[in-house]
Amino acid sequence: MTGMADGRAQRIGEVVLAVEGVSLSFGGVRALADVSFDVREHEVRAIIGPNGAGKSSMLNVINGVYHPQQGTIRYMGREYHDMDPHEVAASGIARTFQNLALFKGMSVLDNIMSGRNLKMRSNILLQALRIGPALREEIEHREVVEEIIDFLEIQAYRKTPVGRLPYGLQKRVDLARALALEPRILLLDEPMAGMNMEEKQDMCRFILDVNDQFGTTIVLIEHDMSVVMDISDRVVVLDYGKKIGDGSPDEVRANQAVIDAYLGVTH
Amino acid sequence: MFYRENGQFKSTYASDQQMLPILQDRIFMAALLVFAFGAVPFVVSDYLFLSLVIPFLILALAAIGLNLLVGYCGQISIGHAAFMAVGAYAAYNIALRIPQLNFLVVLVLAGLIAAAVGVLFGVPSLRIKGLYLAVATLAAQFFTDWLFARVKWFTNYAHSGSVQTAPIEMLGWKIDAPVEKYLFLLGVLVVFTLIAKNLVRSHIGREWMAMRDMDVAAEVIGIRPVYAKLTAFAISSFYCGVAGALWGFVHLGSWEPLAFNLTLSLNLLFMIIIGGMGSLLGSYIGAAFIVILPILLNQAPQWLGMRVSTAMTSHLELMIFGALIIFFLIVEPLGLARLWAVGKEKLRLWPFPH
Amino acid sequence: MKARFVLLAVAAAFAAIGSTSALAQAKEQFFPVLSYRTGAYAPNGVPFANGFVDYLKLVNARDGGINGIKITFEECETGYATDRGVECYERLKGKGPTGATLFHPLSTGITFALTDKSFVDKIPIVTPGYGRADSADGTVFGWNFPLGGTYWTSSDMLIQHVGKKEGGLDKLKGKKIALVYHDSPYGKEPIALLQERAKNHGYELLLLPVTHPGVEQKATWLQIRQQRPDYVFLWGWGVMNSTSIKEAVATGYPREKMYGVWWSGAEPDVTPAGDGAKGYNALVFLSPAGQGQVHKDILKYVHDKGQGTGKKEDIGEVLYNRGMVSAMMSVEAVKRAQIKYGKKPLKGEEVRWGLENLAIDDALIKKLGMTGFMRPVSTSCVDHEGGSSAAIHIWDGKKWNVQPGIYQPDMSILKPMIRVSASKYAGEKKITVRDCAKEAG
Amino acid sequence: MLKNVIGKNWPVLTLGVALLGGLLAPFADKSTMPGFYVEVLLGGLMAGVLYSLVALGFALIFKASGVFNFAQGAMVLFAALAVARLAERMPLWAAILLAMAIMVVLAWLIERLVLRPLVNQEPVALLMATLGVAYFLDGFGQTVWGSDIYSIELGIAKEPVMILAGLFQGGILVNKEDFVAAIVAAALVLGLAVFFQKTPTGRALRAVADDHQAAQSIGIPLNRIWVIVWSVAGFVALVAGVIWGSKLGVQFSLSQVALKALPVVILGGFTSVTGAIVGGLIIGVGEKMAEVFLGPVLVQAFDLAGGGIENWFAYMLALLFLLVRPEGLFGEKHIDRV
């Protein structure tokens, strides 16, 4: 496993995303306190920490759902404040959700297709008449989506409403929808939460394949240490909204603060 | 047995994405259209045209409009008659001031004006959700009621405040006989249904449904709420505007603001609840239901030779409406259209058990 | 599903056809009755409908129909709503061997909607004391019959009355008159005339609309309290009337200075206000409250036979009598038409001739046992109103007392207004004006 | 500190200033008599009290069951009809008691047949359900009790009395009835406040309002709570119905007038009882002021066919409020998390 990480090492490039001194609080309750870390091109970056450590809040800050009171986020050299989620998405950052946020009323296909919206240009009138560009667009993007469907091995469920799928598959659809954006950075919010062992292994495989084949930079949250340590290049550890550790899996494993705050409490 | 898609393999995405992928459905739809255009004009009496079929067609159009907003985009409105009113009065004034204009053009213009107003009252939806929005749309209702009753220009200074429309004439075709009205409306409805269908299965449609199902996620994958919600409001109001113009010109011929009051708004809402949220078919079923029920209640006693006071029937109507709303919300939130779909599923497998 | 709907429609169609074809040969004259016995206007709608229907029943029970032609009728609830009224019209216009005789929309809004249709269907729209004022012009409105009065004649007579009280119309100069009106075509009709008169006599006209259904009038009456008009004309219907009187009490506006149109001067309008309504005036046309020979007949032939429509006690109420008189004029129109077309079931088109040649004089009124409840009306092809006259009656807390002095509208003012308005309509609707001289010849 | 308070709430503050301006505007016109001004104010307050009463029922139900009760107006009509008709056969107090019992049964039925099956549905579905309830009640009420105008006689003189004639030119015209209404309303609010603060049931209600799951987990029977809340709302509706009925007479359109409660709760904040009261008064005064003083100006300016702006004033005000402060005056903000 570590071997593979080495194998990928040389592909890892410059810093694409840098979080600098971000603090966030809801009506007095501190969620994040002066957190800083960076993410390099093509790497798999993990954010770990016990529940309530502020992991999800961190993701929400990155993709603009929450706006931090202090601190900035530098993305590809450009600083951004108060960007709205859709602007962040447009700039190439996609994400999945911890507690599934799929569009229940829609089929698997439509869910994933909706991930292509950013790339669909034809105006309403064309869509209304469904002629020329509009029709072509639908088919082109359908082809892309079909690739993703094959990639994640969910061909059989194309037309089923997502609501009817088992949890594990819904997680995949969530990933598929994010991939449909062809993101530069992919944020994964506990992609393996509530999965059994082989589902987890599948998910790991998918994540690494995405990273390898599409060269997508990945930022993922997990509290299941074992998995994270295997697949991620560098790990940030949060505890009560503060950063208490940052570095390669091995370094983090060795970090005393982390052991106290985190490893201590788990097995 | 006969309703089976075995052997109908889709070789291209285009064929897989067409409106009715299943052959039998295409045949059925074709037959239906032939029947509606070819047979109905001969079997249906004038009374039924004027008091059932024509209102049904127009209200179905309005219901589709409301459904696009409520059923597909998840933005509730209990004031949509307001946009019908805007459409009606816009059409009246355009037709009055530019008489030589083709009626279809008048319709579209009226729709566009309604759409503009719709966007205006849709703006609050960017900040508020659900129940709050409901009240915002009520504002639209009461404001337009007042506006058209008070600003004399809209009614061409008619001293009674009631407006009359000249009979519709298009390219020499004088649409006044019930059958003609029916055919004209049917044509309009078919076109607009087609357009609605296209919209909801294009990416704009997916954006709406995404906003409806999980707005935060929708924004995170790059959907602009402003765009999604306001387009929904615009197009929905456009539909209602056109429907309103038709209601005034084709059905009423002469009306006062009261013709587009809150009751109509609520009825539209009932149509899509009973018929089916997020279903074009549902809009049809709901409209038919709401149009037929009161008249049925009104006449059934006579057919059965019973003596029921007119007061009683109208009270019964209220009660049955109310009970039905509750019934559907509890038993089948997706409305009659869902039952229809379930039936089709069953038929698809028949005679084999699943 | 659409298929299912159409099937249902077809089924309904057959049911409808079946019900009519049964009567196809019968010697019957069919009267549609548009009524509202429910909703905010029920209090006024019910007594009118009772009077109307009772009279039809009387004609059958006492005279065995109109010269042997039995009267059939069917009620249809409009709830005072225009779209429902139109539906009722469409439903009933085809019933009976000869179709509907004529329609009493009993709502100005519905009248507006039906007027258009009348040109196509050739069925008279009879609106005694309401409807569109300009429809008195028979050359344009060939099928409307505002028998005995319109809102222009009524408002004109009210102005005359207050003028007289002031001691001459010229004394109205500088006076303030407030019109508290139901915000619908009904309430808006009189405005045109009152403004016209205001030009001539120089009084100030205050327009205070009240929104349907008319229970929310606080602000309206606060304005009256502020403006202190010399007179208040009340143009209400249904609950609005009683509410107005209550608010007048609450804001201390003297009821003696309030004048209701003839639709705002009935028992249901004053009784809810209790003693507060004492001294309230209203115009009364054709049919004041009370009982006469005809009422005795109705009691004898209809109610005592258990055929009565409403409560016995309510017979003789203002609106009951008005309904009764309206029915009477319709029946008389048919009688008149039978002279020309023979004693058979008549079409609406034939009945129109009867309506255009009505000659209800005192002799006939006496014969009908309606002396005191009816004033002469005689129409022509040109004049579909047939002359109008009215008196004032005052509520004393118990009953309505008709005051001496009968008013007639000043046609020199009305005629030109009607002509202008009618021709505007003819223009908008692209209607060819009738030439009555030719039709007569 | 003060600066950043203003910075946060500037829209609300501007709106407040605007409203105050509206209150003072009439005096710009010299001809306005202070006496009359006060009368309009009182008139507005009276209307406001009634709105508040209906809105109160709204707020209560929304607080406890998260339901946006469109049927509150219908309940007012139903209760009023019941009292009016029963009072024809028995003394008023008995009629009111009996009507109250009926409202409780009604609440129980609504909980059983409508709310329980729909529990955990999204609020919009519940709103529509109450729409259904409203329609049903309108029809049912008229079927059972009849559809004429009925009067409720509280035995209070309707003739107005002139007060402070010396102080103001023209004096001030007031109705005993109105004052009784005001007092009753005040008493009712007080009673409810006590009920919520002191009684165990009241505390339970508040608990439910704060968090359904939690309330259930500590063993508060949600269903019973709902029945109670709806009964209380029914009681409020009864009071509103009786007062209103005695002023305007009891008939169908009561249920429509009650619609005004919607903008009221928006203004005051859905979950706040105080909000319902204050909002009601603001709307009541606001629309009467607008109608009497602003109306004629508008009519002049745009040559309108009469005023009548009070029909939409309340809703437009609410709309404005939604834009600048969605949670209303006294409602609490909520952040939705991902």
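As written, the chains take the letters A, B, C and D, and residue 1 is the first residue of each chain.
Keep in mind that, in the parts below, contacts are C-beta pairs under 8 Å (C-beta built on N, C-alpha and C of every residue); 3 or more make two chains touch, one makes a residue touch a chain.
Worth saying up front: this structure is predicted, and the values here are computed from it rather than measured.
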Identify the chain whose mean C-alpha position lies nearest to the mean of all protein C-alpha atoms shown. B
Does B-C or C-D have the larger number of C-beta pairs in contact? B-C
Chain centre separation in whole Å, for subunit C relative to subunit B (CA means): 36
The distance between the C-alpha centres of subunit A and subunit B, rounded to whole Å, is 41
Whole-Å distance, subunit B centre to subunit D centre, using C-alpha means? 33
For subunit B, residue numbers touching 2 or more other chains are 149, 161, 216-217, 220, 311, 315
By residue number and range, which residues of subunit D touch two or more other chains? 142, 147, 256, 305-308, 311, 338
Provide the list of subunit C residues touching at least two other chains, using ranges where the numbers run on. 37-39, 42, 183, 188, 191, 209
In the complex, go through subunit D and note every residue touching subunit C. 36, 39-40, 43, 46-47, 142, 147-149, 151, 158-160, 162, 173, 175, 247-249, 251-254, 256-257, 287-288, 291-292, 295-296, 299, 305-308, 310-311
Show which residues of subunit C lie in contact with subunit B when the two form their complex. 1-3, 5-6, 8-10, 12-13, 15-17, 19, 35, 37-39, 42, 74-77, 79, 81-83, 86-87, 90-91, 93-94, 108-109, 112-113, 115-117, 120, 132, 183-185, 188-189, 191-192, 209, 212, 421, 425, 428-430
So in the complex, the part of subunit B that touches subunit C is made up of which residues? 32, 35-36, 40, 43-48, 50-53, 55-56, 96, 149, 159-162, 164, 166-167, 176, 251-256, 258-259, 261, 281, 284-285, 288, 292, 295-296, 298-299, 302-303, 309-311, 313-315, 336, 340
Subunit C to subunit D touching residues, read off their complex: 37-40, 42-43, 46, 183, 188, 191, 207-211, 213-216, 218-220, 222-223, 225-226, 239, 242-243, 246, 249-252, 268, 272, 274, 276
In the complex of these two chains, what residues of subunit B are touching subunit D? 76, 123-124, 127-128, 130-132, 134-136, 138-139, 141-143, 145-146, 149-152, 161, 216-217, 220, 262, 266, 269-270, 273, 311-312, 315-326, 329-330, 333
